[in-house]
Each structure stands twice: as structure tokens, then as C-alpha cells.
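Per-chain numbering from 1; labels A, B, C and D assigned in written order.
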């Protein structure tokens, strides 16, 4: 099978290529870009030695045609126009936000403008979702923060352990913001500093978290979400907490998470006493988590780490694509991080 | 006035010295240490050029005697033995935890062992506290996280804006852990990674936060606290959130914080739209904060940044010492950070 | 005395302001910028709390008029036009390159275009230079790398210890490149990575190093210079090496450097066995150095660390301005770094 | 084939395991350690999810017996005692220094004590070396800096382009120093700072560089080597310069390097105008290089980047082991880095 990558000069595009180079069943086809069309990939992704001399094509229906699957790693709002030119026989995997939300009102509130539609949501670990992805021809890859928060909290909500009032504070590396040339993303600004952004209910990933968790809770889940930008290139560490239901014991909590993760190839509940660090997952398609019951405060606390570009974007995209294509879900996806 | 510093080879001791070198009324006296006694300060604090050739003395009652004030920057549990040998005529400022907590049961639960006692708490911004520090002969310097969380939340509790159920997630730089030779503090481990620790109600700074906020709330405040270690040497960024009282408006919230901070020399409420970053406060005795009312989630969110070694330890210590000594509170304390 | 700062929104401008806020004889006057004119300084320099509400003016002859001194922290090539509108009664201190080089051919080779002229060179430690700066009305602040290399090598050349064939490799933090929005300066690109640039005799700071050292050597000095961009915001660490003259002994080398540095307020030769780190000088106007004679390779090796924004730009500028204004050379300049 | 790893809890051991997990012909056998024996690998290498539950054995002749190959990732000086208990039928690959040097006098001068002997040197790219490694039963893995410097300079010396007087300044990440609990390796010390060490002809990797280059030069090569510790976990960026022979042109220089690298699977000469960054090679077994002729200074400058743990240690070890075992040299070794 051959895959085209639209947006190959960016961070998500580069990570897709890094992973696909090790994928035994997917061959890399056209690489496209916008302003960088005509230049060699090596100028943008010098770490991808085997592809350094590949020339970037323009992102058009023509250059993307004739592939079995097309990954879209485009700025938000640009996927719909491209996707509609690709037939149903092509698997289209959108790493952008355009097709993630089911509720047009939520789309309008957080993104503004017309809602492009809703595609099957590419998070196989979400209960029931794996089956919906098999054979799909369109996939909306989740946001990196919603991936983290959903993987952290789905066991608690599915088992009814917590109240639907979640507080999430998550630190992320700078690659989540892409290669945008903005002053606050300069190395001089981010090194040695942690900052907050998207505070107070305005971060666009918030409704996606609520959309994922509410069905499991059997009613609306409220999420208070705060993002922190940390001085690292990759990684998300999310602390997720919700009020514990009265009768919850530490044993039940742990057993619930053990049961929910033990058959998941990419989730790892750490041994008791060990807490997640993003370095455990750098470059891997894994998420590591740990849980605690804070009996003084009456809260369940779940901490999860993953790589925003791998499990949080490109690895998650390939995992779902594997399902859609009838391949083994784990195919070509690294279980190891790179550390230290 | 002459000040001795016990623990001058460590990070808190070094920061005390850096600040005291610019203090117009305090002269630097004896510098003491334990295992480093007999070596030159320049081997441990090479950034303090004017003191590079000073020889570290042993930490004993004799070397600390004869000073107007003594700063203790010792490992937890070692301050009491030193302090009791220093008379009431000497101002003793303890940067450790030994004398922070009022409740022996909380001490025993979180620290274990016998409670050394309770000293006036060195956080002048805490309502009513400034007066208690004037003329004091003993000061317990707050922990760095409790400083951040208390400065973030005291206006909300004092004005009755929130419910007494606080969730705090705070990222800190590595200097908060001191110069301890532990594997997880190695550069190879911390660079490029954010990790969680002290999760689930076990972090020792938790009861101190509750102790500070409960009197303002008129009843017990519960704090769920999670700490993150971020890849930077200095800085704390704390996200603090609590359920908003039903009638709260964004205007009231902002006005409450404006009123609470406008006369505080070291607190700065940022203009609307700007969010705290730890780089805004590096090396300064300031704390910068911003507030939001998340109306969807029904929560007040306060984000605060400060330098854990300056306002969070050594600067806060000198600020309180200034009050105790009858000096202007701001004397010798930097209002500027060093950035980028 | 009142000082205006042109380019107050950039990194050099911010550092000038940070230092001037502690200067007892210089008051801060107009702050000017180009594209940021009309905005508050706090949006660009949020670490400068006391100036947060100051509004940036446009950089024009009018806004800069009426000050005793004007610091220009402008992109290269823009200083001449501004300076010629300021009379000789105003001390103009240019942090840019425009007036550093004496040789128009070198200017043309490395910068291209017309040579603006030559101003007194603002490096007081260069033998003979201190006197040339007293009473000057124009000062060309040295480049950050030439400052480091000249301070490292002037004693060796002045004492005739080495051959005039210098190899310099210097690592710098990202702030040396300013706030330019270029992809290679993004945090995602610079964190976790060291890269080379300006290699092979093309770096613009090379002729300035040769200009400083050749008179001391009594003939042309060749410098092979390579710059490395390191994952830190501030700091330069330069390794400078040249062939030792045959008879040189380690004792002579050390004594030469001791003699050359002992009366310099901002130079510190480290004790034997201790090697420079940029953290020793962060935010300070100091340079720390160490020397070795590599008898196997027949070379003198000098390593120097300084803060590119402080001693390498803004601090050096104020040091020279103090001389020009008849003030004590050290006035208002920090001898302490901020560490860790 | 089954491989044992002695020293599996350290950084070199962890990198060997990471790479071997993707090696199609080598199975991971015993994992051994000293002080960590009896603990789970996941406590030390949490990024190696598939091996997290493996228990570390003690490093003894018994635990290492019965494997086709044994990788030793031990502190210097400990390999000989272990190796002599393993028969010639076992391929022993030593990542330490014990068997690298041919000259006992150089060993004594730089390391002190008795010379353990000399094993085939595991740098296949060194002219003539590839054949010596085929079928070898003992391999001495080169030091990380000598790998970088030799790969950078062998083409110039083999083609007679430069004088035998090399200056090398190389920045490295902290993982090169291993997991040693030393104050200068703490995150608080290394973040935001570049420092020098091993200056003046004392770094132990110096004689190894000279040993590699001298035969190519047809006479003794002198190397002046200075190491810098940079704030990153992984990576070496080495600037290597030597006087150009009089007749050298930029064209000849480039063609020489093109010819020397074009058939090397792990060496990549970058396109003209692009300079190496360590991020290009993070986690890859590649080295990227660029060359320039500085005609003003009369010097060839070669800059090379590689990952000290991959190509510089564990990847290089597996590459040589592949040759010794009769496997394809590239087997199981990544050509892609992980970036950003």
C-alpha cells in the first residue's frame, strides 16, 4: 500500500514519515507541502536521512491521487477541501481538527465558522471505538491533549468511579504548536520557562475531551482544562483529577485500571510507586499512566505521559489506519521510547 | 547588621547570598556548611564572584554566634538543634520546614517524628501576617509551593468567591530539590522531560497550603496537590482552581484580584490576555498572576508564576527579615527578572 | 543623567533596561521601537515589572532628542541614520556592528555595502582602550564573540606567548540571534540540539577579533572561528587556542594571565582546576577564564565564559558609557550571576 | 543468536537494549548489573516497555555464559576480568575503554595502571578496519569523541589534504558521562549552561584520536582536544580543523569527502550550505558532516554530528558486531533520527 503525506514539511508530517519508514506494509508515496513545494525534504526534516533527497510536491488533488491512503497534516481548516477531492476508495486520515467534533455548536463556539462534518474518531482504546475504525475510509485523528485525557480517564468513567467534574492541567512540549513562527515559540522564550495558555475554558481541545468522556459517564462531563508550555520539544504530561465516588477504595481503583489497560498494546499502567515522565514515551506510540486515590481530598488522580507527536498524533493516526486497512493494529509502531 | 548563612553551599544558601550582596543594610558574616566546611565558596557558588575566596566554616553554635541575624538553609529536621543555641536577640530565619506547621498531627502525618514547634510564618502578603512579622525574632519561611498557592488563592478565599475545594497542579524547576545527588535529578533524566511526583495527597507542602487558606475560608479547605518536575533550573508555575460561587462574575473576580494585589510590592496581576510564565520572575522577588472564570466548568482558575529560590525561598526570607528588623519591606529585593 | 533606548523591545534593549534600573546615576528616558511602537513594554519585556506600563515610542530623532545618552539596540545598518541626527553633546552608544570595524575592505567583505565609519571601540580591558573611552561621545559596542575572544587572548598576545594563528570554537545561547522569527531559532529546533553556523571564515565577527588582536601581536593575527548554537538562552563559552611559543612554561602562562586580570573588575581567572561554565556569569557583567598549556600539542588553550547579553552587549555598553561619562567604570554593573 | 548485556541499567546498556529490540537476528538474553541486581529493568529504563518486567541478574561469568555474544557496558577497568571468563566462541563487545589503545605508554599516561590489551577496533568506516572486524571474537568499541573526530577527519588525512596538527572542540550531551551521581551532572547545573572540561591535553579520548589518524597521515598526528558539556541529554557536535595543504581547493575538499562518504551507509555529507545539528541524528546510527575550506585562515574545517549513545556507542557496537557475526552491517540499525 502506498501513502501520500500532505504537509510533509511540518512536525506532524515528519513524524508520520519517521514511523512509516519502519512500517512493513505501507510504502511512502507523494510528499506534499505548500510554501515549501519544490524544495528537498532534507531541508526541512534533516533527521530523515533516507528521504533527504525527495522533492516536496504541491498539495493538490493531482499529487495526492493514486494512493491507497492519504495522511493530511495540514493547518486546521484546510482538510475538508482536500478530502472531498479524494474518493471513498482512498483512506483519508486527517491529523487536523476539522472532523473531530460531532456537535456543530461546539465547533462554532471553539473554532468558529462552518462545521466540516464528523469522521470516525481515531482513538481505538475508547470503548467501542476499535470496531468503528475497522474498514473506515475516513479517520479524524484526535487532538494530542484529548488523547491523553481520554486515555487517562476512560477507565474511571466506564467503571463509574468518579463524578463528572474533571480538572486537567497538562504540560506539553513546543512541537504541539507546530513550526509556526511566533515570538513565544522562540527558543530564547521557551527555554528555562514554563508558561500557561488556553486557560479558563477556551482551549479548543476541551469539547473534544467532554465528547469522549460523556457517553461513558452516562451524562455530561465538565472539563476544566489548563495547558502549560514546557521547555521540551515533545511530550505531554497530564494530571487529571475528579471527585471520587464515596465508596471507592484504592484497590478498586487500581484493579479497574489494571483491567482496562492490560490488553491494550500501547497503554502501560506503571507499577505502584512509579510515576509517569514524558521521557518514558519519547518517540514511542505508548502512553504510561499511574493512578492514586487522594483520600484526604476525596479525589481520583490520574497522571499520564505520552509523546504528542507519536501516540498523540502520527502514531495514533497509523494505529487507526492499520485498523481501517485490516492490518494488525500494532504494525510498525514503536513500543520503545528513546531515553535518556 | 551582620547575617550568617548556615548551609551556604546549597541552592537556597547561594540565593540568600546573591540577594544579600545587594542589600544595603545587611552585611554578610559567617558562611557555614557541613561536608563542605573548609573549602572555598567559589567551588560551590562560582557565580558569586565577590565571595569566591570566602572559606566555609562548620555549622556550629560558635560560628553562627555574634550575628544580628542567622539564615538557616539546612536539610529538614536540622534547624531546631541549631536554633535553640541562638538567643532571642538574634533573628533566626529558617528556610526549612521545621517550624511551618501549627498542627502536630499534620506534621506527624506528612513529615513523621516530633514536631519542633511553630514560628511566625514568613508570608507578609497573607492577610494579617505582615503585622505578626514586625519585630519577630523567629521566622519560618514558607515552602515554595505553599507560597505560590497561597498568593494565588488568598484573594479568592478572603472575598468568598470560591468553594473550599482546591485543585492545584504546579510545575517546578529542579533547584527546588536542592543539590541532592539522586538519579532522577541528573541532567540526562530531567532535560526534555516533565514528570510527576508527590501525587495523591502525599506531598508535604499540602497541609501548609490548607493551613494558610482555611482561616480565610472560615472553615477547612481541601487541597488536591500534584507537583510536576519541569526541565528548568528555577521557577514555579502553579495552576490553582476551585469551584466558583454561583453568583460570581468575571468582573467581580478581576476587581477582587486587582484590589488584593495593587498595594503589594511584589505581586503583579497581569493585564487581561497575558498569562504568567516563570521567565517573567527569574531571579526576582515577584510573583505574577492572572485569573479567569471558566463559566462552562464553573471554576475560578488562577495561574501564578514565581521563582522558587527567590520569592519562593531566599527573597521571601529577606522580605520577612526586613519586616522583623524594622527595615523597609522591599529593601534589597529585585523587582526585575532576568530574561530571556 | 537620562538615557533613551532605541530598540527597547528586543533582547539587547531589554538587558540595557534591566541593568539601568539598578544604575544609580542614569535615569531611564524614552523607550523606542519600530513595529512595536504604541504598545506597552510589558508585552515584550514582562520581566521588567517596574517598566511594564511604559509605552514604546517610535524611533525618531524627536523621541531620542533631549537625553544625555542614547543606546542604540537596532538591527545592523540602522544606527548611522539615527546617530547623525544626534549632536555631539549626546553620548551615543551603538550596540550594533555599524561602527566597529576600522577597515572598509573588511566591512565590505563581511557585511557588504558602504562602511558607516569607525567609533571608539567599547572594550575597556583591551590594552590602551580604557583611556580612549574616557570622555568619548560615540561608542561602538563590540560584538559578543569578539568580546569573549579578545578578553581570552589579549594577555597571551600582549605578552608574546603565542603564534598569531588562533582557532576559536564558541558556543552561544539563542538570544545572540535576537528575536528574529526564523525556523532554526524555534524552541522545538534548538532544545536538545547543538548546531554549527557561520563556519569556514564567513562569520561577521571574525575580522573584529583579528582587528583587536593584531596590534598586540605586532602583526596580522589569523582567526579560524566556528560558532555553535547551544540549547540555552544566554551565554558564550569560547575555546581559544594558538600555538605556544617554544619556551613557554605553564608557570609563565598562568602568571601572565594573573597579572593581566588581577586589576580588572570584571575579569576573573578561576583557580587552577576549575573550568568556566556560562552559568557562572548569567546576568553578570563578568567574564571567567581559565588557561592551560597543552604540552603534547604545543598549544595554549584559553576557555572563557560570559553572558552574551550582559558583558557581551548591554553590560559592556554601560561599562564603556560609565567611562565616557566620567563615572566609576563599575557603576551599576552586577558582579554576581544568577545560578543555578 | 542471543546476546547478554552486562551493565543493562546504565545509559549505554539501555541504548543497546533499545536497538536490539528492533534487531531481527539478535535475541535479548541475560541482563545484568551490579548494585541494581534483583530489581526490574523498568525501574531503570522505563522507556523500554517490552522489557519492563525483566529482572536484572548479577554480572558474573555464570549469568553471562551461554550466549552467542556479550555486550559489556561497564565502568572502565572492569571489562578485562569479565571477558577472560568468556571463551573465544563468544563474541565479546566492550563498550568501555579497556581494550581500545594499542600503546601501553599512552594507556598509562591517560588512564594509569596496567594495560589490559588491545582488541580489534570497532570503527568499520576507518579505512581497512571493516575487514579486520569480520569474524572477530573481540571488539573494542571506540570512544564517542574519537568516533566523531575520526569520521570527520579520516577522509582529509587519507587524501593528504591537511597538516597533522588538529584542533578539535566538541560539545556533548550529559549522557556521555553516564548515570554517575556527581554534582556537576545535576539538572540544575547543566540546564542553561555550557561548560568546558578535560582541557589542555588531558582528556582520555585524545590518544585514541591520534591512534586512528596517524596511520592515515603517515606520521604522528597531534590533536588538541577540548570537550564542552552542553545542556542536552544526547549528541556530539565536533568542530575539527587542521591547516590545509597549500594547493587545496574547495572543489577537491568537497570531492574528497563525497568520495569517502558516498558508499558508507551511516555517513551523510550534507548538501552545501547546510550545517550539522545533533538533532539530525538523535537515536540514529548516522553521522552527518559538512566541510569548508577557510581560505583566509588556511584551514580545513569539518563539523560532524552524531548521537553519542547510538553511533557513538551502542549503535557502533552493534554495527561492528554485525560484521563479526557475518550479518549485514546495517542490520537493525536506524537511519532516522527522532526530531524535533
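FYI, a contact is a pair of C-beta atoms (placed from the backbone, for glycine too) under 8 Å apart; a residue touches a chain by one contact, two chains touch by 3 or more.
Small disclaimer: the values here were computed from a predicted structure and weren't measured.
K.L.:
Of all the other chains, whose mean CA position lies farthest from chain B?
P.N.:
So the farthest one, by centre of C-alpha atoms, is D.
K.L.:
Given the two chain pairs B-C and C-D, which is bridged by the higher number of C-beta pairs in contact?
P.N.:
Of B-C and C-D, more C-beta pairs in contact link C-D.
K.L.:
Which integer distance in Å separates the CA centroid of chain C from that of chain D?
P.N.:
So the centroids are 37 Å from each other.
K.L.:
Taking each chain's centre as the mean position of its Cα atoms, how many Å separate chain A from chain C?
P.N.:
The separation of the two C-alpha centroids amounts to 45 Å.
K.L.:
Among the residues of chain A, pick out those that touch two or more other chains and give their numbers.
P.N.:
11, 174-175, 186, 188-189, 191-192, 231-234, 277, 279, 282, 340
K.L.:
Considering the complex alone, what residue numbers of chain C touch chain A?
P.N.:
Residues 11, 173-175, 179, 181-183, 185-192, 231-233.
K.L.:
Looking at the complex, which residues from chain B come into contact with chain C?
P.N.:
11, 14, 18, 21-22, 40, 42-43, 45-50, 52, 174-175, 191-192, 233-234, 268, 270-271, 274, 277, 279-284, 286, 288, 335-340
K.L.:
For chain B, which residues count as touching chain A in their complex?
P.N.:
165, 167, 169, 171, 188-189, 191-197, 199-201, 206, 222-224, 226, 228, 230-235, 237, 239, 241, 275-279, 282, 290, 292-299, 301, 303, 305, 340
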